[in-house]
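What follows is one structure encoded as structure tokens, with my remarks underneath.
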């Protein structure tokens, strides 16, 4: 799983019906120093807002299970909002 | 999921029967700044044209489910046309 | 599978119920020379402490099977503590 | 899916029985400019020869389905020979 | 699938029971020129020794099927010893 920061949302009107009503967020992926290192498009499940640090899981079966689906064209989801990262 | 831009199509006459009649597109993958960073070959499901910005999902099970298949040698598909990316 | 070193833990109060009570660790991934090369967030299954060298498996089905689950939004787990790496 | 060019074949006499009688090819992976960017070892299913440009799919379930198998230690296969890539 | 060279073995006494009695090898991954480019930890299935060139498959379902398991926290396995790579 990776740490990301919500950067904005993606507007797509011509798409697979699965995405109707879903919040599709563009998230910066952060490296170990908190610097931006790539991005992913993830479906939000926790009400994350722009600028929040989030936990992202990028695996199809995990993503479908979060939505209680056996099928669905989805791979990355925001599964948590990160309060703190404690490194001693 | 990733953001891409359709760059062209791939012509392959000797291939797996699954691909008969499918539109196989070469898509530039875009980084967070909209610059080209790699590519993938994806099957089109939304009628995307060359130059359009698209949402690409690259996972076998997602790809098969879009086609209603339990089997099929497919991994990347174009699942949406991107109207806008809103970053505040 | 990869070699990592536990760097700290992640605190997330708004997340998927699966993570309740799980220890979510941030782990540096080590390259072949033992240098840090990226990171991952993994669920601990062996009681690994900060600074310990660990074996990390990053695959959804493996991760779920370790927890005896058929479903669960999880991908990376710490599956072992590394005592030594013998290269002749 | 990726574009590759067949570079040669791999000879392995001590291996999993699945590979008996299969043509195991080393393929250069090509980037968007047609330059070599890495390689993969793939099982040939279309009779591709050295120097030919091919379509490679690198996903376990896709690979097994091409061979009509429910199990098998295989991940990358050559699924087509590329005649042309049309980019306008 | 990738070409690797066995570099040594990993000693881990606190780990998942699956790994009891398995030979866990650290393998250099080789690029197209035979140079080291990363590594992986793989379970040996063919009796590969240190210094031998091997075929590595890195996919969970493939790995489990080699061991005849429906479950198991395993992703990378050594599936063959490479005698030669013929590139014309």
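Order of writing sets the chain letters: A, B, C, D and E. Residues in each chain are counted from 1.
Criterion: contacts are C-beta pairs under 8 Å (C-beta built on N, C-alpha and C of every residue); 3 or more make two chains touch, one makes a residue touch a chain.
Predicted model only: the values in this text are computed from it and were never measured.
Shared contacts of chain A and chain C, meaning chains that touch the two of them, come down to nothing at all. At the interface between chain B and chain D, two copies of one sequence, fewer than half of the residue numbers in use appear on both sides, so the contact is built from largely different positions.
For the copy pair chain A and chain E, the superposing rotation over Cα atoms measures out at 145 degrees to the nearest 5. Look at where the CA atoms of chain D average out and do the same for chain E: the two points lie 20 Å apart.
Chain B and chain C have Cα centroids separated by 32 Å.
Multi-chain contact residues of chain D, defined as those touching 2 or more other chains: 60-61.
Taken as a graph of touching chains, this assembly is arranged as a ring, one closed cycle with exactly two partners per chain. By the touch criterion the chains form one closed ring, and its order from chain A via chain C is A, C, E, D, B. Interface of chain E with chain C (complex): residues 7-16, 19, 24, 26, 28, 36, 38-42, 50, 60-61, 64, 71-76. Residues 1-3, 31-32, 45-47, 55, 57-63, 65-66, 77, 79-88 of chain B are the ones that touch chain A when the two sit in their complex.
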